[in-house]
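In the two assemblies presented below, chain A is common to both, partnered first by chain B and then by chain C.
Then we have the complex of A and B:
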C-alpha cells in the first residue's frame, strides 16, 4: 500500500497546457499499470496570469481507498516528486499577495526528488534552490523551458520527456512501458514522442543534494492580517504617494508592500545608462510602474516590481539600451543605477557580459507569428532526427520585434 | 463656485503637451497580479495619472478588480472601490450624486472630484450596457465611464464576449475539425453606440494605451468637459490573444494602423479623428489586417478565406459607412433611391 504524489510547478498560462498534459499523463500511465490516480490544479491559482507561478498535482495510489484518502486533503502538503518545468523557478515561487517566497523544494519529502528541465549545471541551480533540512535528489532533463500560450501549443516533447524521466524516478508506479502505452493513446501522442520519452528515461541526470547544499538565504515572508484586525467594510489603506529619489529630484513610487514580483519573471531588463536618451518611453509604457525616475533623468528598473514582460525593450528606440536577459544570470535584485553610479567602467563590463551572449540567454515567451513553433522545432528535428534534447537555444534571438 | 450652490463644476485638466510634461506621480502603482505585459494595467495607470489625486475610482468585476486587489492588498493610491459586474454605470452615477449631495448639505468640502468607473468588455459592453446607457442620460452628474476592452472575459480564462472579434479562439469557441470557426458574430461598435444614442453625453472617445499621451489627454478632456462621459479603450491581452507579452505595445499600434480599431473623439456631436486614424481618413493606406491577426494565437487557425472576410468587413467600415469607422449608417445612393420610388 502506497501512493505517489507529484506536483508540477509551472509558469501560469505559458505552461498551463504543458502542466495539464504532464499530470494527465502521469495518471493515465499509472492506470496502464493497474493503479488509480487523479490530476488537479491548485484552486488558489485560478485565474492564472501569464508568468505568475502556478501548480498542478497528480496523485497515484495502489488502491481506490488510498486514493480517496489522499483526495480528502485540500491539496497535498508533501510530495514525492516536485516537477519544475522552468528553471528560473528554482529561485522560489510567489503566486499571490501574502504568500512570500516559497522555495521550490518546500513540499518535497526527505529523499524525494526535484525534477527540473534546465540547461544549467547542477551547481548553478543549487546556488538558487534554497537549502532544505533533509536530503533530496535533484534530477535534470536537459531542455530549455517550453513556453507557449493558451491556444497554440508548442509540440517540443517536453511533456513526454518528463513522463519518461518519472518512470525512472518512480518505477514501481509508472513503468516505462506503461508510459509508452499511455503516450500512444493520447490524442497528442506519437511514436516519435514515445522515443523521446525513452531517451529521457536513459538520459536523465541525477545528483544527491545534502542538507548543507543550497541557497542559504532565508526566504522573505509577510505577516498575514488576522480577521479581527480587518477594518469596517473590509477597507484597506491606500498606497502612499511616492517620493523624489534624492535632493527633490526624480521620483520613486511607493509599491504594494505585500506582493513582490521577484519570482514572476523569467527575464529582466538591463539598462545602459550611458546610451539612454531619456525619452521616457519605457517609463510610460510599463504596466507595472517599474521604472523609478532618477535625478539625472534616466530610469532604474525596480526588480521588486518587474515581471519581465519585455515591453520596455520593445519600445526602447536605442539599440541595446534596454535588453531582456535570462533571470538565471542574476544572483540578486540590486539597483543597476546605483551600481552604474558607483563604478561606470565596472558597470559597462558587467552589462557587456550580461547582454553579450544573447543567443544562449534569450528566452521565448510564446507566440509571435503563425508557424513560429514549427520552425523552431523543425530546426531541432532536422539536426538530430527524433532527438529533442537541448531545447532550442537562441530561438528568436535576432527578432526584437516581428 | 460658491459653497452653498455647488453646481457641475469640474477640474480643469489641461492636456499634457508631450511626454516630458506628463506628471511623474503614480496613482496606480506596482504590486498587482496582472499578466506579464498587461495592457489593461497600463490603462489603469495612465487613466489615474491623467485624472490626478482628487479622483475616486470604481471598478466592476474583471481582471482589473481580481488581479489588482489581490487578497486584501492594493496598488491604488487614490480611493478605489469594487462594484458588481454589470454596475459600473450605476456606481458612477451613485457616487457622483452622493458626492454632490454631501457637498450641498455642507458635510463635505465643496470641490470638484473626478469620478471614474471602469469596466471590462464583459462587464461594460455585455452585462453593464443598460446601466451605462442610463448614466449617460444624467447630465447633472459628472462621471467618466472607461471601458477597457480586451475582447473576452479574460479574468475567468477567456470566454467569448460581445466584443470578441470574428473567428477568435476562446474557451467558448475552440476551432474544431468540423467547424473551423465557432464564433461568427461581428464585434459590437460600443463607442459609436454610446455617441449616437446619448444626446446628453457631451464626450465619447476611443483610445489605445500604445499612444499613451493622447490616451491620457482624452481622459483629461472627458473629465474637464463634465457630465456623463464615455471612453472605450482597446487593450491587447497577452493571455487571451495568445502572443508574446513583449508585443503588447506593437499590437495596439497595429490595431489602429490596420483600421480595425479607429481612434476618434465625439465632442458635442462633432466627430474628430486623431493619431494614425486621422491619417487613414485623410488617405493614408491601411495595413492589411493579416499583419495584425497572424501575430496572435487566437487567430492561428484562420485560412486565407477567413482573412479575406475579415479584411472585407474592415474595408466596409471605411468605405461604406456614412461616418467611417464610427457610425455604420449608409445613405441611399441615387440608383437605389430611384428603385425605392417605383
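Then we have the complex of A and C:
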C-alpha cells in the first residue's frame, strides 16, 4: 500500500493549462500500471488571477481506499514531489485566498523532491528557497518558465518534460514507458513529445539539500483567532492612512502587514532616481499603491507590496527610468532609494548591471500583443535560448530556424 | 417576576382604532426611526403607507426611501444600519423572496434591522391571503422571528423588537410576522403609550466598534476562505443563544414600564394549564381556536391553546414543560413543508424535535389549515380536537398530517 502525492506550483492564468496537463498526465500515466488517482486544483485559487501563485495536485495510490484518505481536501498536508514551473516561485507562495507566505518546500516530505524548471544554478536557487528542517532533493530541468496567457498555450513541451523527469523521481508509480504511453493517448500528445519526455528523464539534474542550506528567513507565522476573539459582524480594522517618509516630507501609505503579495511577482521594477522627472505617473497608475513618495519627490517601489504587473514601466515617460527585471535576479526586497541615497555611484553600477542583462529583462510573464509568442520564440533562438527548443522541437518546429 | 401595575399606565395611554400595520407605524414613530425604505406589495404596503402619513404629518422625522424593488429596499436599510441609523423595512410573500440575498447577509453582518412581514402566500398562484412560508424561509439564517395576533401586540412587539435587536449582545435582524388581511387590514382598539415611557424602555442604538464611520475605520464583509467562515457562524449561533435571555429581560422591563405585556414572552397559554388536549399555532389562527375552546370548555372538554409568539429563537425547553401535562397535542400549521418528516408543516416538526429528549412525549397530531388565507372555521378546529381526543385515549399518534378545510 502506498501513494504518490504531487503538487504543481504555478502562476495563475499564465500557467493554468500547463499545470492542469501535468497533474492529469501524472494520474493517467499511473493508470497505466493499474493505479487509481485524482487530479485537482486548489479551490481557493479559483478564479485565478494573472501571475498569482496557484497550485494543482495529483494523487495516485495503489487502492481506491488509500486514495480516499487524501480526498475531500483543499490541499494535501504533505507531498512527495513539489513541482514548480516558475523558478521565481522559489521565493515563496502567497495565494490570493490567503494562507500566508509558504516556502516552496513547505509541504515536501523529508527526503522528498522539489522539481523545478530553471536556468539558474542550484546555489542561486538555494539563496531563495527557504531552509527546511529535513533534507530533501532539488531536481532541475533546464528551461525557462513556460508562460503564455489566458487564451494561448505555449507548446514548448514543458508538461511532458516534467512527466519524464517524474518517471525518474518516482519510478514505482510512473515508469517512463507508462508516461510515454499516456502522452501518446493525450489529445495534445505526439511522438515528438514522447521524445522530449525521454530526454528530460535523462537530463534531469538532482542535488541533495541539507538542513543547513537555504534562505534563513523565517516566514511570518500567526495563530488563527478563536471564534470569540474575532470582531463580530464580519468586520476587520481598515488599513490606516499613511505618514510622511521623514521630516514631514514624502508619503508612505500604510499597508496590510499580513499580506505581502510579492510572491506574485515574476519581474520587478528597478528605478533610476537620477533620471526620474517626478511626473507622478507611476504613483498614479500603480494598482497596488506600491510607490512611496520620497522626501526628494522621487518614487521608491515598495518590494513587499509590488506584484510585478509592469504598469509603471509602461507609463514611465523616461527611457530606462523604470525597467522591469526578472525577479530571480534579486535576493531581497530592500529599498532601492535607500541604496541610491547611500551610494549613488554604486547604485548606478548596480542598476546598469540589472537592466543591461538582456537575459533578465527580455522575459515576459504574458503576451501583450498578438504574435508575441512567435516573436519570443524567435528571440530565444537568436539569443541562444537553446534550452527551450533545441532537441525538443515543438509543434511549430518546422517553422523555426535552429 | 415584576409585579404588574395597570391602572396608572392605562390612563396615560392614548386609545386609537388602528390596524396592525398602523400600530406598527405608531411604534416606529415612538421609536423615532431614522431610515425607512419602501416598495409596495400587499399586505405589507399598509405599513409603508402609514409611515408615509406619519412623516407627511410631521409626526416622524425620518428618511423615507422608495426603492426600485425589495432587493434594494433591504440593501439600503442594511447600509443605513451599519452607519448607526435605526431602520425599518418590510415586505410580503414573493417580495420578501426577491430580497433574499440581502436577507441572507444581514445576520452575519450583525445588522439589527427590524422588519414587518405581512404574511402572504407565495406565488404561484398569485394570491394575497396569509401563509407563513414567506417569513419562515429565513428561519435557519440568524433572523429572529416572531408572530403577533392583535394590533396591540403589533405595537408592543415592535418596541420590544428594537430593544432586542439593537442590544449589543445580539445585533441580529428581527422580522415581525403579521397575518395578511386579518391583522394588517383590520382595525382594533389599541393603547398607544406616551413617548416618555418609550424613551425609558428603548435606549439609543449604539453600534459601538462596528460603526461604519471615518473615526472608526473598518472594513465590513471582506471575502473569506475556509479559514474564517465557521467561526463567523459560531458567533451568530452564540448571538441567537444570548437572545433568549435578552428577550426575557426586555419583556420584564416592558411590563415594568408600560404596565402590560405577557409574563411569558415566548407563547401565550390559553386555558392550557389543565388541558388534556393542547392545540398549537401561530398568528391570528388563535382567534377561531379560542372561540372553539370556549365552546368546548362549556361542554366540559379540557382543551387549551398555546399560541407561539417566538419562532426564532424557538422556546423548546419552555414548550416541553408546558406540554408535559397534555394527553395529546395538535399542531395547526398555516404553512407547508413538502416532503418533510410526516409531510407536516414547519411548526409541527419543530415541536416533534423539541419533544425528542423529553421524558414524556404526548401523542402529536399534525394539521395543515388556512393556507392561502382560507378562513379557519370552528368546524376545522373541532375536527382537529376530535382527532386529538382519539389520540389521547389510545396514547398513540398517527404518523400522518391532516389537511383541514380543503375541499375533498
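By definition in this document, the second predicted complex is superposed on the first by the 357 of 402 C-alpha atoms of A that agree within 3 Å, B and C clash if a C-alpha of one lies under 4 Å from a C-alpha of the other, contacts with A are read in each partner's own complex, and residues count from 1 in each chain.
In this text, a contact is a pair of C-beta atoms (placed from the backbone, for glycine too) under 8 Å apart; a residue touches a chain by one contact, two chains touch by 3 or more.
Predicted model, so just to flag it, every value in this text is computed and none were measured.
Touch criterion met: A:98 reaches chain B and chain C at once.
Judged by the touch definition given at the top, the superposed model places A:74 against chain C, while chain B stays out of reach. After overlaying the two complexes on the shared chain, residue contacts for A:288 are found with chain B alone; chain C is out of touch. Look at A:232: by the touch rule set out above, it reaches chain C but stays clear of chain B.
Of the two partners chain B and chain C, it is B that touches the larger number of chain A residues. After overlaying the two complexes on the shared chain, residue contacts for A:240 are found with chain B and with chain C alike.
Legend: residue contacts after superposition of the two complexes on their common chain; A:261 is shown touching chain B, with no touch to chain C. Of the two partner chains placed by superposition, only chain B is touched by A:309; chain C is not. Legend: residue contacts after superposition of the two complexes on their common chain; A:251 is shown touching chain B, with no touch to chain C. Put simply, chain A uses residues 97-98, 225, 230, 234, 236, 238-240 to touch chain B in one complex and chain C in the other. Interface residues of chain A facing chain B in the complex, by the touch rule stated above, are 12-13, 46-52, 96-98, 148-152, 225, 230, 234, 236, 238-242, 251, 253-261, 264-265, 279-281, 284-290, 293, 302, 304-305, 307-311, 313-315, 324, 364-370, 401-402. By the touch criterion given at the top, residues 19-20, 22, 24-42, 45-46, 53, 63, 66-67, 70-80, 155-158, 169, 210, 212-213, 238-240, 242-250, 294-298, 300 of chain B touch chain A in their complex. By the touch criterion given at the top, residues 44, 74, 97-99, 224-228, 230-240 of chain A touch chain C in their complex. Residues of chain C touching chain A in their complex: 108-111, 171, 209-210, 217-222, 224-228, 230-232, 234-235, 238-239.
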